[in-house]
Amino acid sequence: MRLKLDSRAPVYVQVIRYFKEQIASGALEKGKEIPSRRELANTLKINPNTVQRAYKEMEELGLINTEGNLPSKVTKDDVIIRQVREGLLTEAIDTFVTSVQALQIPLEEVIPLLKESYEKERESGGI
Amino acid sequence: MIEVKDITKSFGRKKVLTGVSFTASKGEITCLIGVNGVGKTTVLNAIMGLTSTNSGEILIDGKKINKESYEKITFIPDTITMLPTMRIHDAFEFMNDFYQSWNEERAKELLTFFRLQGHERISDLSKGNKAKVNLLLGLALDVDYVLMDEPFSGIDIFSREQIADVFTSHLIEDRGVIITTHEIKDIEHLIDKVVLLDNGIILKEFNAEQVREEQGKSIIDVMREVFRT
Amino acid sequence: MKNFFKLLNFEINRFMKLYVVLLVTVFVLQIIGTIIAAKGYMRMANNAVLQGGMSQLEFIETYEKFSISNALYSVWFLGPIAIGVTALLFYVFFIWYRDWFAKNTFIYRLLMLPTTRMNIFFTKATTIMLTVLGLVAFQIVLLVLHNNIIKWIVPKVYRIDLSIIEIANAFEYLSIIIPNGFAEFVIAYGLGFSFVVVIFTAILMERSFKLKGIILGLAYISASCLLFLSPYSIQYLITGKAYLYPEELFIVQIGIWIISVTVSLIVSRYLLKNKVTV
């Protein structure tokens, strides 16, 4: 598990985002156990209190569920997982669109380039 | 909670600390950062009752430091606190003799964690390993608060990584930790609270995560602002 | 109390190696001295009697019989005593300062022990007293050994045998370390103990106030010395003669030591608790 941390953004937000990406991509399957707070803090070299906060927030968002003293598990709720996926996608597209629009490039010109770049990335194993 | 209230300390005419106040809570890692000056170590010494102050008050869970406090709070200075002629297990025996809070099991666990051998003589250890033994002696006490003076300075990168690992492990548990450093890079994501100290004056006290969230600034950004003005 | 003994045991162990070296040095040098003196005497006697044609009686009349006193005033004998005294005096200071100035700052550990800090003071003072007494006891055993070596080298006709008590009485410098009587013992070691406590207090003053502390410490030592000497000096200075009986002087002295030790302990306790700095 690897996470390149941005020192200007709250660490707990970055942790949540990391989990969202893992869940959206399917790397973390639904219903799967996630590491304990201590384990994650240790792997990511971050403060255990921060992980605690991230887990609490994820619980509130319904991304993970904890029953009693058992390890937390990824939600089995497909609706939530879909929402996460859509949320991340919307965000990515928004960013993309903003940058492209700033360059004043028409959509027709962008789409073939986008396709080409996407294929290339996939072939090189990037996605 | 450790409460440092308005302490002032001078060596002769030189003022080392001027009206220093801050708090450190259990379950949090508080980092005392100073770019220059000797104030940081003096603050820790004062908390531990290892030096006198000219004015002000320091309370540990509401009480002034006394001999019983040393079962509740411990200090890991930047040099090892055992005799060079001792072997590691002699040091264990010494600690076990005097401290009720000494946890032999934890000590052995730490020994394995740091990949050290009990029969090694302290004087034969490398600088990094000495720092680890020093840390071990403090962490194997079942105390609520641990103070560490520059735990990362002057040792090799691998020892540094190992020591950083301690902070995220169960070995710290929910203790209150105060560490001093002049170099934040290795640990900026590990700490909860930052206290910026310069020439004996507290310039700023803040929660690292809060500053990131509310102002989008890194600890180093804040340091830049504070120390440059 | 348990902590006191654990700490005392620890303090003594720390000194053991050095102490054993010291005892061995004293042993070797003194024994060599006695052998040299006895052999030298016998060489002289043999030369005079066998080659010079002197009778044994004539030789004894001219040169006197050999006794341990022939060995006791040599450098071989006095040197080691001087070394021992110097080493222990040095150790009175070293026993504190090594904890601050060694590479490994043991003073942090000592001051952070969950026990009264006066235990540190008392264990260090006890260590000094025990090692002094140990050295004296060792010297007494050595005197017995000297006597036996002399018996072994010098034939009966040529020697006078002295018991330990006779030796201690005959040599004033030995009677200080080997007192012959309870009062003398109390005077010699009471003064020694008070002096150690006063010096420890001065050291703690220095460790608490650094430069100012040195001045304070020296002033404290000087004042204590004046106080120690006052029963003698005052009576001679004022009246020009002794006006206290020895028994009275003894009581006054004990009173002075009790006062000086008490004051020193109170000051030391305060300094250790509130002022001492790592």
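The first chain written gets the first letter, and so on, giving A, B and C; residue counts start at 1 in each chain.
Just so it is clear, a contact is a pair of C-beta atoms (placed from the backbone, for glycine too) under 8 Å apart; a residue touches a chain by one contact, two chains touch by 3 or more.
Model, not experiment: these values are computed from the prediction.
> Using CA atom means as chain centres, which chain is nearest the centre of all the protein shown?
Smallest offset from the overall C-alpha mean is found for B.
> Hey, which chain ends up farthest from chain B, C-alpha centres compared?
Most distant chain from chain B: C.
> Would you kindly tell me how far, in whole Å, the mean C-alpha position of chain C lies from that of chain A?
The computed centroid separation for chain A versus chain C comes out at 78 Å.
> Using CA atom averages as chain centres, what separation in Å is found between chain B and chain C?
Each chain reduced to its C-alpha mean, chain B and chain C end up 44 Å apart.
> Between chain A and chain B, tell me the centre distance in angstrom, where each centre is the average of that chain's C-alpha atoms.
35
> Could you list which residues of chain C touch at least two other chains?
Correct list: empty.
> Residue numbers in chain B touching 2 or more other chains?
In chain B, nothing touches at least two other chains.
> With touch defined as at the start, can you tell me which chain B residues reach chain C in the complex?
11-12, 45, 48-52, 67-71, 74-75, 77, 79-84, 94, 97-100, 122
> Would you pull the chain A residues touching chain B in the complex into a rising list?
5, 7-13, 38, 41-42, 44-50, 53
> Applying the document's contact rule, which stretches of chain C touch chain B when the two form their complex?
For chain C paired with chain B, touching residues are 3, 6, 10, 14, 102-106, 108-109, 111-117, 208, 210-211, 274-275, 277-278.
> Which of the residues in chain B end up touching chain A in this complex?
27-29, 164-165, 167-170, 172, 188-192, 209, 212-213, 216-221
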